[in-house]
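Both of the next two complexes hold subunit A, though its partner changes from subunit B to subunit C.
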Partner chain A sequence: MAKKLGFLVNIERCIGCHACEISCKSFYQLEPSMRRRTVRELPEDLVGSPVRAFVSTACNHCDEPACQKACPVGAYTKRDEDGIVVHNQELCIGCQMCGKACPYGVPQYNPVKKKMDKCSMCYDRLDVGESPICVSKCPMEAIEIVDYNEVQPSGTVSLVPTFADPSITHPTTQFILPKPGKQFRRA
Partner chain B sequence: MLADNVSRRTFLKGSAALSTLLGLGAIGSKATNGLVPTAAAKSNSQKQQFFNACPRNCYDTCSIVTTVEDGRITFVTGNENNHYTKGRLCVKGNTYPRIVYSPDRIKYPMRQKGRGSGNWERISWDEAYTIIAKKMLDIKKEYGNTLPICLNKYSGNFNILNYATEGMLSSIGFTTRAQGTPCDPAGSDAQAFDMGTAYNNDPEQFMDAEYIILWGANPAWTSAHSMYFIEQAKEKGTKLVVIDPLITQTASKADEYIQIKPSTDGALALGMIRYIMDQHLYDEEWVNNHAIGFHEFVSYVKKNITVEWAAEKTGVPKPVIERIAREYATSKPANIWIGFGMQRHTNGGSMVRAIDALAALTSNIGKKGGGVNYIGGETWGFNYHTMSFGAPEGTEGEADRYVNMNNFGAQVLDAQDPPIKMMWIACRNPIAQDPEPNVVKKAFDQMDLIVTADLYMNQTVEYSDIVLPVTTPFETVGINVSYWHYWMNANEQAIKPLYETKSDLEIAMGLSKKLNELEAGSCTFPVSGNLVEWVEKEFNDDIRKLFGVKSWDELRKNGGTVKASEKVTVAWEDLKFRTPSGKYEFFSKKAVEYGHHPLPVFIEEYKANNEYPIRCISPHWKLGIHSQFQHIDWLGAIQDHPFVEMHPDLAKKYSIRENDMVNVRNEAGYLTLPAKLTKTVPVDTVVMYEGWWKDVHYTENFNVKALPSDMGDYSKGQRGIAFHDNFVKIEKA
Partner chain C sequence: MHDLPLVVFTILSQLILGGFVTLWWIDRKKTRISRKTGLLISISFLILGGVSLLVSMLHLGQPFFAYRAILNFGVSWLSREVTFYGAFVGLILAYTWFWYKDDRAKRSTIGWITSSIGVVAIFSSAKIYMIPAIPAWDGVSTLFAFFLTSILLGPLFVAAILAIRGEVNINISGLSVLTLAVTAVVMAGYFSSLLAGLPEAVETARLTFNHIFFWIRLVTFAAAFTILFLSYKNSKWQNVKIYSVAFAVLLISEFLGRVLFYETAIHL
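Then we have the complex of A and B:
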């Protein structure tokens, strides 16, 4: 059976440090303004008591990728073997339609190459048995790749605040929400 | 924090005392993971890997693997051979390629016509050395000594070879030195009074703890690698308690968060101690056999402390104090990490003594996975060869003169007979990092010559006459250890220095050469030398025994990193304390000698006045260390300006909404910055983070006064700064 690879982002572990984002930027030598992975602040009342919570997202390698539908030159493919959505920069004409179509705003314009750019789930690393950079470089081990056809981890959710409605493109990314701790705050 | 001579001697002594106990580690079997550098691995490949060491003033002091292709760094990441770094870097470490290739690097020596004018002209190294050396010799001629030359160097780079700057100045005669540290002094003195020195357990032992209290520490931002071990421990059942005035990123991860009134942590510890004494939850055998002064301490506590008082003082409810005290006292081992921020108060040292006492009477000291962990220096026993050359023959005077680094501007202005006329600044950005930066600027105004060695055009460079461009770690050689973990990391030269940059050691040799050309014998510092030979001279038998590695070359060939012997990773395991009595001292005569109460007592906190009622705390920021990193565009793309955090209820009082510009004001003046409303800060406190933001006129210290903390002069020569006893008023701008 084909795999359905997706990110599993553990918000309980995430400390919002941006190491995932910057290690990716460094490894792929992206332009300073560009990011293939983004860390966003979540509402601080997410679990009730005020906390500092963040969520890290990249391309969601959707089951029904809007980028692929919007691309006029067929630069996007969804790999049969694992569902990774790959953008072929050779074919890209830089029209930015994909960026507008994606509910998550994932594809970004590279102002130097004048082409779009997005996370490839480091498929070339996965193909040789290595983890994606964000997975292997997160100091908290808060990002994993899961084959969701193989396992359905318990207690995960597919929607968090700031994240678009998953019914549009069926993203593969899932999240583990933080567990609220006890707080004694001064009156 | 380890830069001053006093503390270095303490470390050397400590290491010598330990050396007899040490066995040999086992480096021979260390896997190299195919990371041995040099082209030998693949003769026709242009891809090479080198080991580097992050030299920043950081707990984590990471071991780094650097990929170089065709002479250019293409990736920097953590070294998997180091089980603390674990192959991963923090967000800041991940920016290193951009740190090296930043368009903002200072490329050449330059001279500024008019301080602060921005009117810089490129000069050659020879011209720079000539201007500096002539000035030094003129000063010596005019004053008969070199005391008018002042060095302000600290923690921007803790590569052991960077002590060459101190060594170079010692090699011309006696000079004036900025002494002390803004970092840890009050807490370090507290631990020195209690135990002889500050000495922490290996942070990898968080995994062995049954109970963890992070007391004013925010490792999620300041020690991501420790946070990993803490989170792992939590997931396997260890209870994580965070005590902090702010709901920090770390507090957000706690099983239990306790919000305490700032500067009352000592009262909380003493309240817990009272409960533990009343309930007989303390270890009587331990306090009788391994401590002195326990009975005096009991008398003090019984007479002066109640849990009710502690609850009133700290804002923490009595039942919570009692429950936490019971849980802490009955969990074995229980681990306390005291953050540096907690002691940046006028009563900080005495508060650390109270927390130490809590750990001592529950016999959590000397236990694997336990401890009252603050800072340590057991692995710092290098030769400091760069500082060993001594003053030239016939030098007048007896010793260097010290000015307090923590009141630098005022003390430089006050210095007489002779006055200070020249300043050398390295590994430091005093105009951003010192309290009362306007006074520092006034001191700068009095100088004939200010020389700053730096990577970037920061606030201090802007106010200098000459800037000397320095290397990043990747362009030089070095050796690094941590004040927290127990690894030693080799730093190889991965690339040729960019532009005309030089390391502090190369600058020291170059200047010595010029001085000797102009006046033979005027500087004893070597005028040439190979950097690898220099670093090998840092190794001695104690270091070799402690780490089980013979040389720097062996270290870099065998994985680039090595951990110290297990014999030192549990602090005070033998319960032989380095106090005058050899025991844990609840009652410290040494404390009395330095003007303190002999016991860990509560000292009243510094209070706000009516005009400036709001406390302003300025903690570390996640995208920077002091004034490093945040200015890099990769991080600017995440956050490009500073802000002030305040509680929505406080903001409402002043009609301030999210992102409104706010004046934060006190006697020193005001700063204007946007508001970020958050319930993670208490209603009577605002928070501004440390950092140098590119093209933003900001330093969080702008309205911080040079108010000393209670301790520091015993172990560091000078007291610390009560950074967090800063009070302000706010208004919508």
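Then we have the complex of A and C:
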């Protein structure tokens, strides 16, 4: 059976250091305004009792990618072998429709190349057995790549505040929420 | 404003569809339109069509590769829009040729095909925006708005040119008044649904009501309604000046409405 790769983001572990965001930006030499991964602070009442929590998000490599349906040139493909949604910049004409159609606003416009850009889950690194940059640079090991066809981690959720309704495109990203009262690692 | 090319493109494409269908309808009803006037109107659609296509490319990061936009026809509504609209403008060229040749039978046939393709093009255009990621766009009101713009601007454009040329004086006021009334109902329904919708939709409504363009649009809309209602009631008001003024006022109103459509859209 083909893989279904997705990010598993452990909010319990994330300390909001932005290492994932900056290492990705640096590795792909993105323009100043661009990010393939972003870290945001979540509301304090996330799990009932007050917590200071952060969430790191990138492309969700959705089961039904809205970007793929919106793109007029067919620049988006979902890889058969692992479900990673790949954007082909060679084909892109910079219409920006993918950015509008994605409920998570993931594809971003590169103002220099005048084309869209998004996270590729570092598929070229995965193909040679390496981890994506964000995964390898996180000091808290808060981001993992999981084959959701192989394992279904318990205690995960697919919806956190600021995240759009998962029923629209069925994102593969899952989150582990922080545990109330265990706030010893916060920055 | 980043979306200005799209504002111009959508308004022009919808105007052309409404105008084209009006010209074809009048012509096939055996109403006498001189070859010169028919050719003039048809060429004006061709020029506006060309302009709209060029302007739409300004929205692209890579305008010289715009032709690629037809590659994902099977999945993407944008791809379908580009394909059908391109075919629509191409068919207007053929239609214009038969005005030049003064071949009414062929004009009638090709006009029917062109109108159908044009309707599909505008339908595709509306479907592009009906996406869950932008709640203010994701509804049937987008579809209504696009076709109502066609019905409001197109027939008035043709009526104004026919009146200027001193030819068939078509009574367009009744249709326009009815369309304006339907537009008012659709607008009321649209804003009600926004205010009862997701927080992003409510924010769109708030931004719209606080925008000066919204109030100018309302005033111009009411002015056009008054002019056309008087024209409908009094045949003396069915002349060049009235149709031209009504068209100009409605064009401003629709243009501002479309600017707001893009400017106030809030992403999830």
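In the analysis below, the second predicted complex is superposed on the first by the 181 of 187 C-alpha atoms of A that agree within 3 Å, B and C clash if a C-alpha of one lies under 4 Å from a C-alpha of the other, contacts with A are read in each partner's own complex, and residues count from 1 in each chain.
We adopt the following convention: a contact is a pair of C-beta atoms (placed from the backbone, for glycine too) under 8 Å apart; a residue touches a chain by one contact, two chains touch by 3 or more.
Just so it is clear, the structure is predicted and the values come from calculations on it, not from any experiment.
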After the overlay on subunit A, what do you see for subunit B versus subunit C, clash or fit?
fit
Just checking: does A:Cys71 make contact with subunit B only, subunit C only, both, or neither of them? Give me first, second, both or neither.
second
Quick check for you: in the superposed arrangement, does A:Arg40 touch first (subunit B), second (subunit C), both or neither?
neither
Quick one: is A:Arg125 in contact with subunit B, with subunit C, with both, or with neither? Answer first, second, both or neither.
neither
Specify the partner with more touching residues on subunit A, choosing between subunit B and subunit C.
B
Counting only touches as set out at the top, which of subunit B and subunit C does A:His18 meet: first, second, both, neither?
first
Quick one: is A:Met97 in contact with subunit B, with subunit C, with both, or with neither? Answer first, second, both or neither.
second
Regarding the shared-chain residue A:Lys4, is it in contact with subunit B (first), subunit C (second), both, or neither?
neither
Subunit C versus subunit B - closest C-alpha approach in the superposed model, Å:
18
Can you list the residues on subunit B that touch subunit A in the complex?
74-78, 86-91, 94-98, 220-221, 224-225, 227-228, 231, 247-261, 315-317, 320, 622-623, 633-638, 678-680, 682
Please name which positions on subunit A make contact with subunit B in the complex.
12-13, 15-19, 21-23, 25-27, 29, 32-33, 35, 39, 44-45, 49-53, 136-141, 178, 181-187
Of all residues in subunit C, which touch subunit A in the complex?
59-63, 65-66, 68-72, 75-79, 82, 128, 131-134, 267-268
Subunit C-facing residues of subunit A, complex:
66, 68-74, 91-97, 100-105, 109, 113-115, 164-165, 168
